[in-house]
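Next, two complexes with chain A in common: one pairs it with chain B, the other with chain C.
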Partner chain A sequence: MQNDPIEFILDDLLKLDDILGCMVASKTMISVMPDQNKFDPHVLELWDIIKRAMDDVFVVIREYSQTGLGEIEFRLQDYEVLFYILPDTENALVSIIPALANKGLLEVEMENARQEIIKIMGEKENKRLINA
Partner chain B sequence: MSRKWDAREAGKEVVKSAFKKLTKPPSFLLLFSTIHYEKHGGFQEFLNGIWEILPNGTPVVGGTIAGFINSNGCFTRGAVCLAVSYPNMDIAVGIGRYTKRNPKNAAKKCARMIKESLRNSGYKNKFLFEIISGPIFPTMPFFGEYRIIKNKRLSFPFALLSQLSTSIFLKGAARESETLQYLSKELKDFYILGGSSMDDCRYVTNYQFFNKKFYKDSVLALGIQIDKRPIIQSGSGLISTGKNFKVTKDMCWGHIICSLDGKSAVKKYLDGVSWPESLLDERVYTKTIYYPLGSIIDEKIIIPNVIALFVGDYIVLAHSIPSKEICLLTTSGKRLTDAVDVALSGIQNNFGFGVSCAIRMQTLGDKINIIKEKLKEKFEDNFLVIYTPGESICIPDKNLCQHYQNTFNIFTFQDSDFKIE
Partner chain C sequence: MNKFNKNLSFSKEIVRINIGIGELDDLLGGGLPRNSVTLVSGTPGSGKSIMCFHYIDEGLKNGEKCLYLTSDERIESILKQSSELGFNFGPAIEIGHLKFMYVDLDKRSIHKEIDDEIKNNDYTRVVLDSLTPIAEVPVWLSDVHEIAPTEHSKMVKDMPLGSTPATRTHVRHILSILSKKNCTAIVTSEVPEGSRSLSRDTISEFLVDGIILMDLDMTMDRRKLTIRKMRATKHTLKPHDITISEGGIQFL
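So, the complex of A and B:
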């Protein structure tokens, strides 16, 4: 059962044909991840190596997220992994897409998803401050 | 607009949201959606949703597009419409089918419907919005799934099969340039703005919406005679590299260039951009979008044309070349966004409807938001730009009528005060 509104956003992204897997993650943990059964099975087969490569990218994100790092991507075998960094955090919206996907069109929806996540995180933070 | 996934729900929502800003029922509705509803209920359900809300008899024209920009943002998934209510105009709609097989017949049928319906109109300003079924990559026996074909011996068989596939199976070249020329011949004094329907840049399928039904392989048009003067302004951000070629052989109604200056078209192109042949892999198209070809007309007008496919020695283009004189163009992300300023310059109006090339959206990715900001600054909340695989522009005063690619075009009525969703 979904409770986290961010999970709804990720589910929406996963409905796009070329988004094979997506999550909100940081170096230390995967914060929000949709049901992995919705991921492309080929991505799951390669998950261990993708995850290891992602961990290395998160080292860079941790280092530079405060200095305006916006996006990073890498290509691994037949896939590309896109990181849309959530500003002032070590978290990123991560999507795995086919290497030959029409990335430009997907980027438009990735950016929309990032903006929605930032908004939700801002609201959560405001609530936390009010309750504190 | 609607971002709902369910086709029927999205159809209902898109009209409901448009109606919020209208004080009277709409005179017409331009309706656009991304291809996603094909798998989420289908386009008939999408239209059924529209007509649950829309008053009977409202003219509807539209089709599937790669994406759109409005005041809410930039989207490559969802549905949007432009609903206009205005008393001082007459409206007509037209449709012609099988543009890929016989663009002349299709255009004539469509144009005659428009002419017939508007023949008693007293308004002198004439405007036409048209949407033509866009290109579809044909699936061919022996070629399998192709993004690039390196075998030079397959060049000619591919071109031949491509021509046959277009005529017989209606899969292949869209023949928009021909369709537009026949349309404008019939509707001489109309300002025309249009685009082609498409999917999410896979070029597998596309649909056109006409009143209560959806179609494939058709040209649709909405004709308006109105008391306000239409304005169409364009920008491309493409510049010539100074490298010019002569098309010495072409096929498939000018959609396939076989040779340039008597040599392999692909070899000449690679020499022009100074790329080694090893760059010719499936990712080459992420680079060629910065180096389109341009047909030169009367030594001054350049019609950009993006490379769709390399097949052996042949270059397959997204639309036909209107001239044998061509040049190599180039651009950058900054030039693409600056072109919007050129198109918007001098417009003193609070309403804009634009048609731009999906290649630009593909190239700019999420940076397309820069364009949204420029549009917002100019039109506040009253604008809609759709992204299609090609753009049709006819401006009778300038004796200009061409099907373009890789351009940004904005349309408005002089001194209009429309509010759009």
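So, the complex of A and C:
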């Protein structure tokens, strides 16, 4: 999508060395994803298995999001997949990072990105309510 | 080997039927293959019926005769919905280029009614919106006759109600009717929220020539359209961002 503010946020995340791929997704749909060519090629090689594992995690997110579930992560081969859940929704900001990455900075960046996405969604919803 | 190759007709040109959404037609190499049946599946509100409106509207623009079969919604409600999006089907109905037909699921002659309508007219485009409730109606087929099952039906023992073979026979027969003569058909199917199936009956996706999946993420306010399968067509499997506004479906 052109001029998509959420895609800009994801593009910025991808600029970090240890973010190998990222997206906003739910169980049934990857809603926003930067150009896959910007993903680490090794992640793309493992994409099918990562995607299947992600689908299973989204079942848990769907079940527990309303109870305050905030983050989930799992390790698969040499990678870790971080899910930052958008509160009370079935959607999450997802990042794939190397298993041995120093997560301190990444967690801060992920949290900032999540907050920005929530803000954009809130503004969009407000605009819709005003126009309705 | 050369002799063998000569007998194959891979190069036979496929006639394409425009859907009426430029980008989608381009992705399909010009449109749907003629005489094919394409399943448009998605959750409620994902834009399945709107895809059908585009398809019918394009046919009418080309001067084709179109049939819209509905089993769920009343015809008045479909016309109102289409008109709100900018599709004005009234004049085409008046001159007989478009017919809306309500498929009464209480009757036990679903196949015959649809078959007769298609056989006796020169439709080139047919829409069945939606296949789901029709596929769920217990109708048995024996040759060309439809039989409403009873407890004593012999076939109930062979093909229990709701069994895969029974539904498959029923759905296959409906789909074969829709692609009769020169018809190219679109059928819609509802999938439950959160499901990754391509149809409610989980069978029709294997019987159709093409599948277009409409996805909806209400939280993120995003819609996606994916061509999952299309016979004799090279196409991308990548989901495409779309929006629905006045004028119908637009690619972003």
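Basically, the second predicted complex is superposed on the first by the 130 of 132 C-alpha atoms of A that agree within 3 Å, B and C clash if a C-alpha of one lies under 4 Å from a C-alpha of the other, contacts with A are read in each partner's own complex, and residues count from 1 in each chain.
Simple rule for what comes next: a contact is a pair of C-beta atoms (placed from the backbone, for glycine too) under 8 Å apart; a residue touches a chain by one contact, two chains touch by 3 or more.
Everything quoted here is computed from the prediction, not taken from an experiment.
Visitor: Return fit or clash for chain B versus chain C, each positioned on chain A through the superposition.
Guide: fit
Visitor: Name the contact category of A:Glu111: first (chain B only), second (chain C only), both, or neither.
Guide: first
Visitor: Considering only touches as defined above, state whether A:Asn102 meets chain B (first), chain C (second), both or neither.
Guide: In the superposition, A:Asn102 contacts chain B only.
Visitor: Tell me the contact category for A:Leu129 with respect to chain B and chain C: first, second, both or neither.
Guide: neither
Visitor: First (chain B), second (chain C), both or neither: which does A:Glu90 touch?
Guide: Second partner only, chain C.
Visitor: Determine, under the contact definition given at the top, whether A:Ser31 touches first (chain B), second (chain C), both, or neither.
Guide: In the superposed model, A:Ser31 contacts chain C only, not chain B.
Visitor: Is A:Met121 touching anything from chain B or chain C once the two structures are fitted on A? First, second, both or neither.
Guide: So A:Met121 only meets chain C here.
Visitor: Touch test for A:Arg62: chain B only (first), chain C only (second), both, or neither?
Guide: After superposition on chain A, A:Arg62 lies in contact with chain C alone.
Visitor: According to the stated criteria, A:Leu16 is in contact with first (chain B), second (chain C), both, or neither; which is it?
Guide: Touch status of A:Leu16: first partner only.
Visitor: What angle, rounded to a multiple of 10°, is defined by the Cα centres of chain B, chain A and chain C, with the middle one as vertex?
Guide: Taking the centre of chain A as apex, the angle works out to 170 degrees.
Visitor: Could you grab the smallest C-alpha gap between chain B and chain C in the overlay, to the nearest Å?
Guide: 24
Visitor: So which positions on chain A get touched by both chain B and chain C?
Guide: Shared contact residues on chain A: none.
Visitor: Within their complex, state which residues of chain B touch chain A.
Guide: 5, 36, 66-67, 73-77, 147, 200-202, 282-283, 286, 358, 361-366, 368-369
Visitor: State the interface residues of chain A toward chain B in the complex, per the touch definition above.
Guide: 12, 15-17, 99-100, 102-112
Visitor: Of all residues in chain A, which touch chain C in the complex?
Guide: Residues of chain A touching chain C: 1-2, 6, 24, 26-32, 55, 62, 86, 89-91, 121, 124.
Visitor: Which of the residues in chain C end up touching chain A in this complex?
Guide: Per the stated touch rule, the residues are 43, 194-196, 215-217, 219-222, 224, 239, 241, 252.
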